[in-house]
Each structure stands twice: as structure tokens, then as C-alpha cells.
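To start, I am sharing the structure in question, which I have written as C-alpha cells.
Naming follows writing order (A, B, C and D), and every chain is counted from residue 1.
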Amino acid sequence: MVNVLYFASFREMLGKASEQLPASHTTVESLIAELAERGENWKQALLDNQNLQIAVNHDVANRQTEIKAGDEVAFFPPVTGG
Amino acid sequence: MVNVLYFASFREMLGKASEQLPASHTTVESLIAELAERGENWKQALLDNQNLQIAVNHDVANRQTEIKAGDEVAFFPPVTGG
Amino acid sequence: MAPETQQSLKYPNIRVQEEDFDLSTEVAKLREGHTDVGAVVSFVGTVRDINEGDDVAVLELEHYPGMTEKALENIRQEAHQRWELESSVIIHRIGKMYPTDQIVLVAVSSRHRENAFYAAHFIMDYLKTNAPFWKKETFPNGEERWVDARLSDQEAEKRWK
Amino acid sequence: MAPETQQSLKYPNIRVQEEDFDLSTEVAKLREGHTDVGAVVSFVGTVRDINEGDDVAVLELEHYPGMTEKALENIRQEAHQRWELESSVIIHRIGKMYPTDQIVLVAVSSRHRENAFYAAHFIMDYLKTNAPFWKKETFPNGEERWVDARLSDQEAEKRWK
């Protein structure tokens, strides 16, 4: 399984903070492709979003980053702390 | 009269912190010329010292700065606060 | 062991907490055991009562536990590699805050002031674009708005490349 | 009215004093009445236990009363002209100090961090070369030495021209 997290406006827009998904994807890109099929809000937030931020196992990642079973993948908007 | 002040290493080298002198000099330069005649330590500290710092009435000044009766003239080494 | 305790053992110079902090206390801790320090630069970020022209009543800070601490520690280590520093600390608050409240502290000690100024500025610029925190503003009428990332923050970070 | 009282009325954001100061207290005062502040940068200069390779036991600060306050206020005003700032304060101690003691505080508040960082750094660089303070070190064997001005401080000031 892969643990998928959504933060801030993504959490609100997608209606969930986290979920467990089967580890059937080799890259972040393929995970996004599957999630985008859930509906317009998913497509907008993840697939069409030029500002999408991605982390894999707490490190900054991108669409090409590989993922495997046990990984934690997080999707979020640009950060605004400090 | 002109009030003349000496600070830090100058005060120690010249043996005084301040003195009142007749206002008989038109510029800092002429005041220094007179003081330098007092002896080698005065000459070294004021006349031959490329790093001499001068203030007239609490403002940074130089050898060409004009002075008049009632002015306060200060001589000191480069500052080292902070 | 509670997760927050594990994090604080792993990253003793990083704290992510709901509680407020006291500047003097933190700077004193930072300097403890560093007698050769000549300069301490601290930055405190505070909640402004106006943002983008609108009155702000409440600011809520969300973060990504685990990644936050790791990201902040990476930023801190990078600063220590770039400048000769004695010690540094980063404290970032989460949860609800109100105008004039303290949000973040970055404090750096070094022998000479230039390193401390640059390092503290660098850490703040990097934190702004690389640490997973998100701000949500609530206005006096109850409306909520996620704060947009600033282009100027991205520009500020690029300066250090 | 005592001279020091006159000076503090004339320059309320400048303090030259023997007493130590508390960073949190001073930053709180600095921020009082400025609710639009987002950033506070503070610099604390401290007595190092080693200077130029020698152990220092005591540091004594002498200054030029009257000119000091005027010079510091000029530096502060210059910073306010160069950057958009909310408020600023400069506190410089005089008299005898010991390793790890606080010597000087420069604190600046502004809406955005960049202005606060630059202004605090500028004030310190200018103070180092333009405010009439002199340091005398006493070593553990009782020997005394006036601290030499640093060429690096003159270079640091030139950066801002």
C-alpha cells in the first residue's frame, strides 16, 4: 500500500486528509493519472495544477519520482509559513 | 574659549581628558599645529596621525573644519564600539 | 514515546509547537556553552492585522508533521555549511494565532555579525518557500481564505542560489 | 534635569547605559502600537572570551557623551530613510563588561522581513565605524590593551555607500 496525504486547500477541495491506496503505480505521475479520474476537482488540483507540490517520504519530489509499497506521498499547494 | 576633549588612548597618551583654550585658531588644523608643539606625544597623536578622528560640536569634522569661540573640539582614535 | 518527543530528540534545534515562545529565553539557550560568540541575530515573524488590504481576525497555521521538522533541519544544516556559525534554532508555531502574535523565530549565533545576519536571512527565505506550512486567514465577518504564496518569496529564495 | 534624562527625551529610540537590557522586553516595547508589523530583526553583540587569540577577562567601554547619542540617532534616521520600517531602537552599554555579557542591541520592525534584515545590518555596520565608542580589554594577567579598529569594519560600512 501507499499512504497518500492531502494538505491545506487540497484537503478541503478533495474532501480528505489521507488514504491508503494499493501500490500499483511506479511513479507519482501514474498515481496522479489515476486520482484525476475521480472527478473535475481531482483533475484540477493534481493533474492540471502547475503549482502542485509533491513530497515522497518527507522529501520534495516531482511527477517523475518513483514510488513503491510503504511510501508516503503528499500533495499540497505552495507553502506559506513563516 | 574653545573646549577641547581627548578620548580613549589619546586621553591616556596626552595625560588629560579636556581643557579650555583661547579661541585663537580659525581651523582645526591651526589648533593641532599649536598643540603639536607641546611635545613628541602631542605631535604623534595629532599632527602625524593619519587615523586621527576629529569632531566639532558632536559632528564628524576634519582638519579644514572652521572653529570659533564656544565650540567643542574632540580628538580621538578610530572607534571600536558595537 | 509521543511522536513530538521523538522529533525533538532527533532535531533538538527545531521546534514546531502550539505554544508561544520567549525571545530572551531562546537566545539564552542558543548561546549556552558558546563563549566565543560575538553576534546573535534573531528574526521574529508576527501576525499582521492587515494582509493584502483586508483586516485579519485569526490566522491558522497547518503543517505536515514529520516533513516539517526534516525540511527545517535541512535548511538549518545548509546555513551551517554556508557560513561559520556557532549555533542556531528554528521555532515555528502551529494552530490558531491572532494579530501581533509571534509565529516564527530564527536565531543564529556566530563569532562575527556578517555570518549571523546572512544565515538568519537565508534561513527565513528558505523556510518561506521550502517548509510545509500553510496559513489560513479568518476575517472579522467569519470568511476564511487560504493565504496565497508570494512570488516575492520565490524571488527572495533565488537570491541565495 | 540630569544630562542623561535630557538625552533620552531628545532621542527616545537611543539608549547609552551601564545597565544590561532584556531582549524580549525591548522587542515588546519596539512593537508597541505597531500592529502592522510582520518582521522584527534584532542583533545582540556580546563580549567574546577571546579576541585576536588572547583571553579577555574584562572589557571596558568608553564613549563621548552627547556625540554618541547624536551619531546613533543619525544612523537610525538614515536606516529609516533607506528602508520602509515601522520602528527601531539602539541600546549600547558603557562601562565594565565581562565575557558573554551583552554589549549592544539593534532591533528593527517592519512589514516585510527584507527591510528589517537590511536595516539592522546597516545600522550595526555604521555604528561600528561612526559611533564614538572605544573598547579597552584587560587580560587575566592584568595587562590592558585598547582594541584596534578593524579594517573589515571599514570595508563592511563601504558596502552600503
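Brief remarks on what is shown
The working rule: contacts are C-beta pairs under 8 Å (C-beta built on N, C-alpha and C of every residue); 3 or more make two chains touch, one makes a residue touch a chain.
Because the structure is a prediction, the values reported are computed rather than measured.
Path length between subunit B and subunit C in the touching-chain graph (shortest route): 2. Here the spacing of subunit C and subunit D, counted between their Cα centres, is 25 Å.
Subunit A and subunit B have Cα centroids separated by 72 Å. Measuring from the averaged C-alpha position of subunit A to that of subunit D gives a distance of 49 Å.
Residues of subunit D found to touch two or more other chains are 45, 124. Contact annotation for chain pairs lists A-C, B-D, C-D, with touch applied as defined. Within the complex formed with subunit D, the subunit C residues making contact are 22-25, 27, 31, 35-50, 99-100, 111, 113-114, 116-117, 120-121, 124, 156.
Subunit C contributes residues 45, 61-64, 66-67, 70-71, 92, 103-104, 124, 127-136, 146-150 to its touches with subunit A in the complex. Residues 5, 7-9, 51, 53, 55, 58-60, 74, 76-82 of subunit A are the ones touching subunit C in the complex.
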